[in-house]
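Below, chain A partners chain B and then partners chain C, in two separate complexes.
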Partner chain A sequence: MVNVLTPRTPERLPTPGPAPARDGRRRARRRQTAVAYLFLAPALLFFAVFLVLPLGFALLLSVSHWTGFDLGAVEPAGLDNFGALFADGSTFLVPVLTNTLLFALGTVVLAVTGSVLVATCVERLRFQGLWRTLYFLPIVTTVVAVGNVWKYMYEPGGLANGVLNALGIGSVAFLQDPDTALPSVVVVQAWASLGSAILVLTAGLKSIPASYHEAAALDGAGPGTVFRRITLPLLRPSLLFVCVTQFLTGLQSFALITVMTRGGPGDATDVAALEMYRRAFDYGDWGTASAAAFVLFAVVLLVTLAQLWIFRRAGEDA
Partner chain B sequence: MTRPALGRRHFALALPSALLAAGCAGPHRGTGRPGDPVVLTLLSHYASGTLHRALQGPVDEWNATHDRVKVRTKAVEFTDLLTTVMVRQAAGQGADILHPYCLWNGQLVRAGVLRPAPPEHAEHIRSGYGEAAVGAVTVDGTVYGYPTEAQTYALYYNRRLLREAGLDGPPRTWPELEEAARRTTRRDRYGNPLIQGFGLSAHDDATTVGQTLALLHAAGGRFVAPDGRSTAIDSPAGRAVLALEHRLVARGASAPAVDVYQAFPSGQVAMVVGAGWWTGSLRPLMGGDYRDVGVAPVPVPEPHARPATLATGFMLGVNTASRHPREAWEFLRWLNADRVSTLRGSTATRMSALQVSVGSLTARADDMRALLGTGGDPNLRPFLDALAYAVPEPNVPGAARAKALLRENIEALWTGRRSVDEALRTTRRQVDQEVSRAW
Partner chain C sequence: MTRRSAPWLSYLVVAAGALLTVVPFLDMVMTSFKGPGEAGTLPYRFLPKAFALSNYRAAVHQLNLPVLFRNSVVVTAVVTASVLLTSLLAGYALAKLRFPGRDLVFRLVLSTMMFPPFVFLIPHFLILVHWPLAGGNDLLGRGGAGLTVSIVALAVPFLVNGFGIFLTRQFMLSLPDEVLEAARVDGAGEFTVWWRIVVPQTAPVLVTLGLLTAVDAWNEYIWALLVSTANPDLMTLPVGIQLLRDHVDPARTLPIVMAGLVLSVLPVLVLFLLLQKHYIRGVMLSGLK
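Our next item is the complex of A and B:
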């Protein structure tokens, strides 16, 4: 068998040619490099205009006072904006950041658990394509529609309370009670993201060789043991991918909460993205909004690095 | 000779260029020369059918009688108005004429969005409107626009529900209010509210805070300290108001989970504190049942206490980014200052006639009395009377943020997350800390 990783031996390297040929090759390489940069230029320009410039401007605003619109009115403020976010009386750390983390964590736990269950069950059903399509539907539905439908279902006279009442249970003020509002929105976010998670996990399940399950069955392992000892460990890379992406989506969540609760009741569902949007566009406090954006960026970066570290560890273990 | 057809390469170049040009180009605003009139845009919250039609009427009249300057209206729901103003301004697409809630004026002035009124307009505004209305459109002594509507808060009640509970009329004091709320409340066996005795709105910052501030003023309290730089809600009056709301919720007479703006027209709320604009919405919404609706002054804590309530307002002003400010002010003068004969035989400004036609209150008390005296909705009269004693809402730069923070704490109180004292303390700490940065 050919070992593709074996390095080339020195004798197989091309022998140096005469000087004019070398110059020609160098010129060709330079031309290729120039063409490569030429092709890259639109992408680089795009990133410079839409990523680097806004990033730099946001960084500038985070250390300035600015009420918006007039660039001549940007006033240096040092670290005042960051200080204000964590000052006594500020709501940014508690409950805004804690809500954001709880929201993301709750979404991940529910979406991953639900998608593992559904993906495993769908694997055993006929018409898998149909079931996968059904579960994928929320992904292609707009967040506004999803949020509004669930909002009506959660209302005091809505479907959810109707079911509870039919079971003899009293009504629950899902979105109006601060204790249930955040979990209620988490359920919707998890439900809406099940489709993509199931898609990834189904692919992961299909990549597990059937021979492993057959061997386990021959050894007398039950379905529970097979799932715990074979399916789950081999599904770990897919699971971690789903965890990372769901967590990132959860940390940046904005639209669903805006539609369903607007951060209420009180500040029970207020999250970082919503808070910075309000500070900038409702209150004209662009400095603190930018500072909040950088704090959220730091949180997202830390969480992602931690997850990548776990991912790498799990990859090595697997 | 035949011209070559548009090739694929030309098309590939032309399409993105056209899209780019279309995306970057702003709307045509005209030059004012013959055949190319100046086009002014007016952004307001008059988005619903009745309100939109009411504003479109005078705008159409202006467009039909003026060749050089035309006006185009754009409307969004009130809850989206501030965000729309800010986002459009940031995008360089701000409307020439803005119709902001006066609470936002300090913030908008600080952000350089509103243009000061020219001296002749400012003089006309100072002399033509009441003190509260002029105060609402004034920031640091400068007038920024024409007051359009003045809203005061009063007690809406359902006569039928009160009668069925054995009550002759609306409550005048807080003990009577609590008793009436208790007697009119009905719930099913699962605890779902069938009838709320006293509705507490959780609809948005404006309605949630408005009802609390109306009760606060009725108790002699204030939200903002006289210097305008801190909150004064942590006071005996503030404590009394929050305690009243807490009792109403705890005893089941109020169910903030239910949208009071849907439940009251359906006959599921006996009493609610609301602003005058609501009469205009209730009348078409309730049809014949509107005859059950009555309006009374906001109840006071004790008999014979001095009445007081909250006054809020809107104004029409001109954007600093407008390229035709002179024309915009001219249109505003025509709409808000020129007097015309109304169908009811009296004279009033076009804006006053517009406001009363939709069941709202104009900021011009004299127009209001003239128009009401000729067959207007009698339910508007208590709101008009309240203009004499209502306390105007502050319009300092951090007012919108302060209102949002107060709302969060009120809702935390309703839902049992904070006690009355905690809600007051937290409001004071948060408002003082966050809003003091705005100056």
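Our next item is the complex of A and C:
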């Protein structure tokens, strides 16, 4: 996602000059165009083969029947694949898409609450860098490590149940129980994304002038009031940014779920991207898999456009 | 200042949170030292009875670790080198050269960042399988396995990065034009200007971009899984370790899996701790993670 607005460099106007000089300049300009495209050639070639071609191919597959072997045997299917996704008895809308939304929403709520709490508290402490480094560790760790460590922690003989047992509470079958499986994975995703959320919110907090807080304190406002009336409203842009980016990441994530539950038990943790993966690579059903990918893509695009619209409006307000 | 009031509560919140973050890592390390039957059994114990290195030895053998390590290193190196090079080339053209179509190309680069990776999973795989004249395929891409049998397949979708081009271009815009003009007047070609004057000054952003790219490439899972399903010789560290976790008796192999995970996480963790300022800058700029 692009979040940095880019200033456009002004185009230099052609300056009038004597005819031979202008001729030479035109030749120089033509040369520079050739050189520029030479510099751009690797990137443009890559985008053509691995961006434009795949998008077209995926779109074609989503409206076709195909067995996956002979490219000559691609048969048109109209909107059948999309229809199949939403037909009666299909699990795509419920529970897969609803799981996806719940997963994304759950991680946003947890990660944002946690990061606001930690970010505002870290502000008052010494060794801020050290604390933030600790919270950042999960971000640089492979999803296979994060998923497996947590999967182990959730097991009957794992850390989470060990703590529960020590407190005199019975064991919980976190990942085996359809009721607790999705929330359990949500916790891991939120845990892993806390560091970057804290980072963004800290930057937001640092941009609030200290004098605001001092003035409020002089007027006799307590810490709670200061937080609610000053910090939170001024933090709104950063909060919004964190919410939307975490939501987008949540909508798309499936590596963590693949590692931890593979969508199970039953389809309690099945999400759209995982469903797409399985339809394509486990069942060879390229058509509905591609259709599922585009449905999820549409959801992601909608959220992205809403984000751009919100930020543009927020920008005008400021 | 009143903001300094009740810091003990802040300490409590931050320390509790940090504990929650670090404990899973410690659990991973501790488990990697546990003996057979010590992990995953009741009652749970945090510390191993004895710190044995046998799991690390077992990981090296059972996981075919040298091959996994080599694949991960090769893919990470190739992807990082390629992203840096192509970003430097394209970024220079977009920032410092004037040519028709520049705005259009720049807009294309920006738009590439809009597409989520999962959209490309299926078509990328199929395109590589049906790559003409590779891996036993005929001219129409039929008959063989295409590029999926080659280590190239692991790296190919990540070789160019729109965000990398964007980042490099933004940085190069801030470099003064006068020096470039002077070099051109002195007869330096564009390639010389790029390599001798612009590239060296771009170093700070290259460290950031390189680190971000390397960490992502090292940790990539889904694509590496997909490619190595067809060819186990192409397994990377995450894929190989996950395979052991899935297919061998979990109670017995858990400490070995954890040892493998520690070994796979360690290089990135060290790199991050050494260069975290640059990495964090990258995450802030990309706003993606």
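As a convention for this text, the second predicted complex is superposed on the first by the 259 of 318 C-alpha atoms of A that agree within 3 Å, B and C clash if a C-alpha of one lies under 4 Å from a C-alpha of the other, contacts with A are read in each partner's own complex, and residues count from 1 in each chain.
The definition used in the following text is that a contact is a pair of C-beta atoms (placed from the backbone, for glycine too) under 8 Å apart; a residue touches a chain by one contact, two chains touch by 3 or more.
Quick caveat, the model's predicted, so the values are computed rather than measured.
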| item | value |
| --- | --- |
| Fit or clash between chain C and chain B when superposed on chain A | clash |
| Partner chain in contact with A:G284 - chain B first, chain C second, else both or neither | first |
| Partner contacting more residues of chain A (chain B vs chain C) | C |
| A:Q32 touches, of chain B and chain C: first, second, both or neither? | second |
| Chain B versus chain C as contact partner of A:D70, first or second or both or neither | both |
| Chain B versus chain C as contact partner of A:V94, first or second or both or neither | neither |
| Touched partner set for A:G264, first chain B, second chain C, both or neither | first |
| Partner chain(s) touched by A:A173 [first = chain B, second = chain C, both, neither] | first |
| Touching partner for A:G157 - first (chain B), second (chain C), both, neither | both |
| Touching partner for A:A215 - first (chain B), second (chain C), both, neither | neither |
| Chain B versus chain C as contact partner of A:A84, first or second or both or neither | first |
| Clashing chain C stretch [against chain B; choices 148-156, 202-210 or 274-282] | 148-156 |
| Contact residues of chain A, present in both the chain B and the chain C interface | 68-70, 156-157, 161, 165, 280-281 |
| Contact footprint of chain C on chain A as seen in their complex | 1-4, 6-9, 11-12, 29, 32-33, 35-37, 39-40, 42-44, 46-47, 49-51, 53-55, 57-58, 61, 68-72, 114, 117-118, 121-125, 131, 133-146, 148-150, 152-153, 155-159, 161-162, 165, 191, 193-196, 199-200, 203, 210, 213-214, 217, 223, 226, 241, 245, 248-249, 252, 254-255, 258-259, 273, 276-277, 280-281, 286, 289-290, 293-294, 296-297, 300-301, 304 |
| List of chain C residues in touch with chain A within their complex | 1-7, 9-11, 13-14, 17-18, 20-25, 27-28, 31, 39-46, 85-86, 89-90, 92-95, 97-100, 102-103, 105-106, 108-110, 112-127, 130, 140-142, 156-157, 159-160, 162, 165-166, 170, 173, 190-191, 194, 215, 218-219, 221-222, 225-226, 229, 237-239, 241-242, 245, 254, 257-258, 261, 264-265, 268-269, 272-273, 276, 279-280, 283-285, 287-289 |
| In the complex with chain B, residue positions of chain A that touch it | 67-70, 73, 84, 87-91, 156-157, 161, 165, 169-171, 173, 175-178, 264-268, 270, 278, 280-285, 288 |
| Residue ranges of chain B in contact with chain A within the complex | 82-83, 86-87, 89-90, 107-108, 110-113, 190-193, 202, 255-258, 398, 400-401, 404-405, 408-412, 414-415, 417, 426, 429-430, 432-434, 437-438 |
